[in-house]
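In this document, chain identifiers A, B and C correspond to the written order of the chains, with residue numbering beginning at 1 in each.
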Amino acid sequence: MESVRRLVTVLGTAALILGTLTVSVASTTVAASASSKFKACVVTDTGGINDKSFNESAWDGLKDAKKQDSNISVQYLSSTSSSDYAPNINSFISKGCGIIVTVGFLMDAATAAAANAHPSQKFAIVDDAPVVKTGTHVEALQYETDQGGFLGGILAAGMTKTGTVATYGGQNFSAVTLYMNGFVAGVRYYDKTWHKKVKVLGWTPGKGTCSLAACSGKGTFIGNFTDQTAGKTDTTTFFSENADIVFPVAGSVGLGSVVAAKGAGAGHYVMWVDSNGCLSDASDCKYFVGTVAKGVEPSVEAAVLSAAKGTFKAGSYIGTLANNGTQLEYGGVTIPTSLKSKIATVKAGIIAGTISVNPNSYPPTPK
Amino acid sequence: MSDAATSKAPPEEAPTENPPRPALYRSLWARYTSTSPIIVALYALTLGLVFGAIIIIVTTPAVLDAWREIFRHWDALPHALNVSFNNVGAAYRAIFTGSVIDPQGFWHSLTTGQNWPNTLTPLSETLTYATPLLIVSVGVGIAFQTGLFNIGANGQAVIGGVAGTVVGSMVRLPTFIHLPMALVGGILGGMLCAAVPGLLKAYTGAHEVIVTLMFNYVTYAFLLYAVLSTPFQQPGQQNDIGRTLYPSAILAPLFGTKSGLRVSYGVVVAGAVVLFAWWLLDRSSLGFDFRVTGANPSAARASGISAKSVIVIVFLISGGLAGLAGFVQVASTTHYIDGGFLIGNAGIGFTAITVALLGRNRPVGILWASLLFAALSVGGRNMQAATGIPLDLATVIQSAVVLFVATPILVKEIFHLRGTSQASTLKISTNVWGS
Amino acid sequence: MQLELRGITKRFGSLTANDHISLTVEPGQIHSLLGENGAGKSTLMNVLFGLLSPDEGEILIDGVVTPIHDSGDAVRRGIGMVHQHFMLVPVFTVTENVVLGFEPTKSLDRIDYKRATQEIRELSHRFKLDVDPEATLENLPVGIQQRVEIIKALSHDAELLILDEPTAVLTPQEIEALMEIMRSLAAAGKSILFITHKLKEVKEIADVITVIRLGKVVGTAEPTMSEGELASMMVGRSVNLTVEKTAYDPGETVLEIRDLVVRDDRGLVAVDGVSLDIRAGEVLAVAGVQGNGQTEFVEAIVGMRRVEAGTITLRGVDITNLTPREALDAGLGHIPEDRQRDGLVLSMSVADNLVLNTPRRAPFAKCGTRNFAAINANAERLVHDFDIRTTSIFAPVSSLSGGNQQKVIVARELSRPLEFLVASQPTRGLDVGSIEYVHRQIIEYRNRGNGSLIVTSELDEAYALGDRIAVMYEGKISGVVEPSISRESIGLLMAGSSMAAAGV
């Protein structure tokens, strides 16, 4: 009985403390955001807001939009697990967000469910296209990164001194392998067009086509997006197999490749992915031949701005070379002008639709 | 827990006939180090909140700016205090309203009868979060009471989640048999995963901390393999995502899907687990064997308790509960598993270690501890959404609470060292079984 | 050095552990502090050694009031302490242990082992301590380890040595050697404060005896007083030191041990071909110096250690190599040597400890669920019947005194249906009152016509309990004798002589 009495005392005291706190601040307003502004909110996946990848890019997109339009306020919520997606989205719905940006295919189901339950709430989802019952309030942001990867392949093939380049992925997902597939296609196109014999390691395209939905093939994968040591090991292996340029499609794992390139001595380079390596990792710029960028930041920014202005367009946005949704950015290595002009020509060809980014359109590179 | 009041006298000289009566006045510290676990927990929570407040004050730019003002003129002090109080208050208010109830909303619902689902969402979320955490923590606590460290609860939960989801998504059966089968599948998955370290420990003496810890990595690799391979991967998906449970195998929301409240029949499962654990530890002969083994393995052996079978059984129970927790997590929230299931910050099997510690390895203690942890996590989300103070502050408070709870244990242990007393039930020693 | 304590009082809450204790130790004197466990001896010593500060009273050294703030202070003032539980590092050498904390250094902060070793040799020689400074501590017998503690104190120029229950861990021979050392120390002018509850030793060595009870000095005694008189002073009532036995009338053989071979933890043969018969209505006492295989012998009987060869038969049933559970169920009672390690779970309640090895037996459990009504009733009955002093049956056993802890074990074992009782060192570390009680329980058990085997390293106990005494030496039984035989003869058997050589 003693313990029961104690428990009651404790709970009573706790309730009192919290109650006091609650009541005393109930009247004070929170300084964080004024309610009159247009709220743009992002729910990250489990990578968190500082993942140097899509989550961070999406958040940067929001901040860019805020700079453009001072009437926008921005907020984010990080998810620790997939079971957080739904409550995080709901949390923002109840906070009156004008647009909610979600990131990644894993949030497909949660975004679709929330969108179906709240037909007036605007959503934008990065890297995914959820199926929504009444599709007038969800914008799917997707990127045909094989186009950017194709240009990356040409750059790598044109820059290699050893005649071998390599790529590897974090995991065998279409969002990853699409880059690798484009990269291989670029190398094959380079070999065929300019009669070279550049080899590519790390990805062998499958028979079928490669799209945002599915991409078949075999290749080298780390198994996650965090193990930089594994990235270093695999890259060193590629170097020992005579490759001198490696294209990691594995988020921060790629930093391991940079370490490997430093250790391997002069003439070993890395092709960065997603967002310009010379900006996100400026001190290592001289090891980057270039970056195959994904336009998450500008596309999110555009979606937020349009929602704030009332010109929001639901449906599908496909990032291509044409709309800068994917592109090749040069790094800290000097690129011959002749190669640059070749790349410009190919880019124009892809935009015009005269050059295929399917590797199966070209003969395989030598073994 | 032995009441520490008796151990305050010099241990060797304490006569049994007249234990020292508590003086009328005791210092706060003495109370802190000696009174009931509940009081200690309350102290720890208060200290944790104070600690969190300090963190808020020194990390929030608006508050820091206000304090910087007082270097220019002293009159700014009230303002700085006011800003500090407002920010801390707003943060804690958001935690409270986001995890328990929003008084205004509650009053509104109470008077008008409207909007109940919204009003109850925080509580529902707290319970949803607490349910699997509670189940896995009870399993970890049972192992602790036996002197065994189950660091692999997270991996066991992963395997349990996969096993239960396989049953729930690849077999078609009516609900009344499908859901129980999936739950049993989760339990068996966790048991299977825990049996290996248990058997290794019992028959080769391999240290369970090492084996269970390493097994976590095995299970993560298996999880990725499972969600990326043909039979279990969601059809038509290239990504690391598994099949979705059939509706007959999910833990349905308690108040129906339409309510929008996620709290599910998982709470019934958790209640059953707490009852089972209470019976096991406090009422059963088997649990008596566990506790004797945990408190004094030599005496256990001399009393005819077989250490081998106790180790294996404890691991089976602990792993089974972890596996059950894994499946409950799936069946009450996402209904599918992806490659990030229970990885990183979401690793409830690791949080369970601190929850079990906070709950002193007792089922009812763990119930309160997991509710507290759940409330801080869920409330933290609301705090971030409302004030922009990062969710991580909730983790800071959780950690601080555990630290402050552990401190008097440390102090007590130091005092125990001078006496002849054996380890209290709380002393978790890694070499209980030798290695 | 002359040490005087004046009115030392130390309270813990409402408990007064020391109540105005005054005593004087003269130079060259062996002053014995006699009292039961819990009388306040250790508290007083901790006050004297600066580990506790007194609430009242003062300490005078050579007539000067000298407050002692901490143990370093005590050491500087020439007070040395030999603790009951040695404060030594097993893997260090004797020299390293002695210099630990007060390392003599050469230039560049190197420890001057040569000087330290030399110093230890000198001390060892001067006081006939016979310690090799280069030996590793864990390889030394307990008696020698204790001398290392003494050397450590002497190396800090101690003039007053406090010996806290120094004989509790020693064999009779080692005790004898310690007495010699104490005498030579006293002869060299050192003062000795000797804390004990053993009457025989006090009578043998002490110049002056101060008896304390319940924290108060109850008087000084002369070493010439009889043990009975000393015991009554100490306990506060008259004590019966001899146990009443009925006439020795052995029945049929109960336990039959044939050619038993058992190995110790290191794989060495510890019990080497022991054969014994114990009959109904008989106590067989196994005497011998500690470490001659008694521990392994008992563990083998109760199933806690593998029997390498030989057989153990209980009433015609082979019980060789049973598990502990099977041995318990076969009706073997066991009072273990180390009660806190093997006999009790200190953090658990008295009631739980009273059913520690019978938790599943009816009526204590039904269908795997414990029956607390029966468990508590059992505890209430045994606490009453066996006079276990506890505040409640729910109090943790750790709150009980050593004697009452042992009573819990005795009550538990003797209250269940037994075929045979094995008791190992049943009164080690207990006070006079408890020893008397435990002895009476064992004899009553024997008087009811049961067989039992008592292993003891205290010769007095072997005489008091044994109907026959078996002496164990290096894993073998060197002889089984009647208790009428002289102590000298048994002493020779304990040292390994044959029966003939011992004059039996």
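As a working rule, a contact is a pair of C-beta atoms (placed from the backbone, for glycine too) under 8 Å apart; a residue touches a chain by one contact, two chains touch by 3 or more.
Every value quoted in this text rests on a predicted model; they were computed, and no experiment measured them.
*Asks:* Which one chain sits nearest the middle, judging by mean Cα positions?
*Replies:* B
*Asks:* By mean C-alpha coordinates, which chain is most distant from subunit A?
*Replies:* C
*Asks:* Counting in whole Å, what is the centre-to-centre distance of subunit A and subunit C, each centre being its mean C-alpha position?
*Replies:* So the centre of subunit A lies 73 Å away from the centre of subunit C.
*Asks:* Let me have the rounded angstrom distance from the C-alpha centre of subunit A over to the C-alpha centre of subunit B, please.
*Replies:* Inter-chain centre distance comes to 34 Å.
*Asks:* Once you find the CA centre of subunit B and the CA centre of subunit C, what distance in Å lies between them?
*Replies:* So the centroids are 45 Å from each other.
*Asks:* If you look only at subunit B, which of its residues touch subunit C in the complex?
*Replies:* Touching subunit C from subunit B are residues 2, 6-10, 12-21, 23, 279, 283-286, 288-289, 291-292, 295-296, 298-299, 301-306, 419-425.
*Asks:* If we count contacts the way the header does, which residues on subunit C are in touch with subunit B in the complex?
*Replies:* Against subunit B, the touching part of subunit C is residues 12-15, 17, 37-38, 40, 42-43, 46, 52, 302, 304, 323-329, 334, 336, 338, 340-348, 352, 356-357, 359-360, 365, 368-370, 389-391, 395-396, 398-401, 404.
*Asks:* Can you name the residues of subunit B that touch subunit A in the complex?
*Replies:* Residues of subunit B touching subunit A: 36, 38-39, 41-42, 45-46, 62, 85-87, 89-90, 92-93, 96-98, 103-104, 118, 121, 125, 128, 221, 224, 228, 236, 238-241, 260, 262, 329, 333-334, 336, 338-346, 378, 381-382, 384-388, 391.
*Asks:* Show which residues of subunit A lie in contact with subunit B when the two form their complex.
*Replies:* Per the touch definition, subunit A meets subunit B at residues 3, 6-7, 10, 13-14, 17-18, 21-26, 28, 30-33, 41, 45-46, 75-78, 80-88, 90-92, 94-95, 105-106, 109-110, 117, 171-175, 177, 213-215, 223-224.
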